[in-house]
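Listed next: structures, encoded as structure tokens.
Shared chain: subunit A. Partners: subunit B in the first complex, subunit C in the second.
And then the complex of A and B:
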């Protein structure tokens, strides 16, 4: 009996072991539950994002064109072709214009609208009106604006009231097509940054503003030195959204430039689509997609770093 | 409780057994021509296939990737010329010579049509559409201006001058949707030098050669005289149907669209073959073929649905529902224009030429047509020189790498 009996320390170790194994079991169960909850999202992201991205990178190193070359290794040939493609440079420059325009115009306009509408009379109606274009499909908005810019369209008709007959083909000239499409793009997209900035404005505490006002700060000084710095985190979110929208702008351009001979030079996204679906140069189009994706990734990373610094600064 | 459940289960299993072979027999006809929906619906009801429409860009991508994966649909539409060459070379479609042999023996199709749907002497497709590219004209406008169908180049130019002097735009032509820029280039090359037209497609002739410049010179001259409509219009067919211009050079497939746009195509639409500049030249005409191909992995049901397109029944249903002609010799012409074109071709012993769109290398076609469209939008001698130089740069680069 005595031999079988266990000392207190042995019993304690056994309990600890039992408790430990129960703890491990619980942790395992938790991990399994977590994995099960995450599984649908993981499966979705892997199937519809990671796998296609990986395949796209692979295709960019093949000679896939039309029906052939899918399994044929081409090394960096498609990337070298980017340097010699006559349309790539123009498309890259136009993409740069799109990024700058989609950053400056919607953000500035949305900020102005948000400040003006914040607490103003009829602001709900105005907010709804400014947000309304956002609910349209970009292609539908593109079609509407196509007819605004048509030679016999609304814009030329309006201008004719002041300067005599105007017969400009806004969507048929190199110098006007990109600005014309950007205006349509801004018209449709300004609603979302405006709403985000309005939310940001509503979240700003009243105390520092009132303190500044008591100290005799003018409305401009209050806005510049108090409101704007406190709104910076929201502005950064809006900037990220706008920059990404500029890089990936496609629908408006594709619809509005349908009859424009130089449409393949209007942005990298359009050039990518054109090379894939018009020229059936699938591997080359994949290389454009990889380059574009790389740039977007780098810019997003830069913005994330910037946001972290701003957050730290504000704390 | 248990027995009724068992019964339901048994019925379900039975339904599944019946459904599986039925599903296996389903025939799909994939196409990118949703605008021919009434025709697909009418023929599908007779031949038992399911038409599935895709937007053109996605359709090409879908077919190319499905052929690569060996999962292409049983039947699908495609394009003739180089696009058919590529598809046949991929091994994704079946040769259909025996179907053509029988159709020709039965008097359904003329032997001459077979070449348009063949690659290296082997037939790979049946026609769903055979469109001759002719000059359509507004009979009322011609009559009001004392004009009759021009028989010679001089008469054609005189007719344009008369119409212009009367304040009527002679020719309807735009760059709508980005592909139409080639139409008058193709026609002027064919009317001035058909051999040069063909030589362009094989890389034997440069796009900045004197032969091409001659065509551009005529084009520039006519444009400077205001003979063409506003190229920026996006309602080309309705413009002509509404009487905005007197003549319209297009494939016969546009007639259905003109009718839909309200034109009285039976009474007010006239047609003539564009005259050659040199009257001694043989009569020629651009003929566009719309092919239907059969998968190399086709089932018996696929093949049966495919063979339907070689029959008079299919041709008549297609013609009635869509105003389209598929080249069948026994079909009742869907409207007077088709009959007149056939009669004119037969009378003049007209030689068919392939459309520029199908004849040029697909790799550079988009860039070439963009240059032609740039000229249509700005038809000056400088722009012509620029277009020729740019096209030749693309052409030379393409053929240097072959």
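And then the complex of A and C:
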């Protein structure tokens, strides 16, 4: 043959099917390997997540109450009840407040802390301090704050120093209970977003920031035009974590509102728990869970869309 | 007028002193290359001029003004980074105009300057792309454009070509040189590649371990290296060094080379007879017999080839005699077998002599 390449006509004469068959075999092998690796996780997710979710949706269409009605089809009755139940409306509004608060407060606070602490002196100590509440059980944090907000508690004592005697029951008034619990919630949860944002900040390459400095940007402009856009993927993750935590907030409310008569109106999660375990309305509680789950799913989907957009922007 | 003047400049990182009191004048409109091995302080020096590192001691003056405490943005400098440092979330157009936009330049002025840079650097087709959609060479041009539009007094380059492949590097070298000719501002260019420094700069500053070893034109530092370090650093393949001894009448005796090398009379300040010197010879000045010009005055010796690297137009021969290895350049090459013994000629008029203790050159300073 000699040291030469095949001519075009020789190449054209080759069997096209055989040329492709190596690739096909390779792809098949890869698919099989992939399936084997994914199998344990798939099995786990199916039995402990997908199956229970499906069952929950099914229960929401039955008349299940404690030991009866599990097989009894109720159609949309539970959902119709949601629309007319005054507790549901109040709980949904409060959950909305929770979501907005958890979208804004922990993210803004964590970002501010992260930027302040990034590379600062004693930042390790400060980071540990801000993260510390996170390691408490939420119920324990709730108990601590319960006493902070008590009529004879720390907060009123502190306020008394400035404005004379205060004996406000922060956790007993409709107007203050949700904000009060949100403050405790943010106090406990801000550590994680802060740490995530610090990691995000540390991962931003130094060069574009220095380039912006030389390009004439003031520190504020560098942050606004370079740091913040490059931090966007992390911010998005933090926002999602916070918002989902806001949707599913339960422990803090449950513990801190223990003596509040309108407790079940404070969030959808509390209402769901109350309907299921106090009121024995299992099917109705399932319907609440379906609605809550649906909203969370929608938010997660929105996050995926945004994430993709941000990734494309930074790619 | 944008002369850059470094006066007793010191940079300390904690207890570690990175820049050890350097003094340097970079004339207005000149192209100065800072070269040296990694860790020699060249990038730190550049970053201090840029305002990205504080000055521990001494002064940096740009256009006569001490800028030590001025932030980068007020120094009138622009910098091209090794990593290009483009803003990944902005289009090429936005990258180019960023500096002008944030400083509030009028729209028409921004457009004019960006258009100029785009034309010079041929970036027209890429204006709406993001950096990730560009090749290395294109990114490098955007980085240069971004520096250009600011019309800086001083252009700083930090190893701008080291991430490019050989062909592109060659091309960009020419472009940067052309750019300098066109816009005529002061350029400080950091590189570890002596070829870049030699081909582009008016003046080369060779640094080692936080100190300046030599400053001079490319020809000066090549022809008259101030010490063994510079001699070894400038020129590729690097200069060969042999131990020799001074004999009567300026003759240099090297072990196992039968005849002494006779230094050009009066060119060197030689130590007393019997003292040791280091003889430096560039590969092109050790001529294999019958390959290349026969030197006017030369000394012959034989050595055994241990390796040959054929480059096409020439072959680099690594050869040894008496345990000493050296590299010679074979012009108009023929096939050479490893182990072949070849006769070489040392060009006596092109030798370098150094003091083995101080490592400084023994060449007489001509006035």
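Note that the second predicted complex is superposed on the first by the 273 of 315 C-alpha atoms of A that agree within 3 Å, B and C clash if a C-alpha of one lies under 4 Å from a C-alpha of the other, contacts with A are read in each partner's own complex, and residues count from 1 in each chain.
Basically, a contact is a pair of C-beta atoms (placed from the backbone, for glycine too) under 8 Å apart; a residue touches a chain by one contact, two chains touch by 3 or more.
Just so you know, these numbers come straight off a predicted model, no measurement behind them.
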item	value
Subunit B versus subunit C as contact partner of A:315, first or second or both or neither	second
First (subunit B), second (subunit C), both or neither touched by A:225	second
Contacts of A:47 with subunit B and subunit C, given as first, second, both or neither	neither
Partner chain in contact with A:276 - subunit B first, subunit C second, else both or neither	first
A:26 touches, of subunit B and subunit C: first, second, both or neither?	neither
Contacts of A:67 with subunit B and subunit C, given as first, second, both or neither	first
Contacts of A:150 with subunit B and subunit C, given as first, second, both or neither	first
First, second, both or neither for A:260, with subunit B first and subunit C second	first
Which of subunit B and subunit C A:213 touches, first, second, both or neither	second
Subunit C to subunit A touching residues, read off their complex	50-52, 71-73, 77-79, 81, 83-89, 98-99, 102-103, 130, 132, 146, 150
List of subunit A residues in touch with subunit B within their complex	65-68, 70, 146, 150-151, 169, 172, 258-264, 273-274, 276-282
Contacting residues of subunit A [partner subunit C, same complex]	205, 207-208, 210-218, 221, 225-226, 229-230, 232, 313-315
In the complex, subunit B residues that touch subunit A	57-58, 60-61, 64, 67-68, 86-87, 89-90, 92, 174-178, 181, 230, 232-234, 362-363, 366-367, 369-371, 373-374, 377
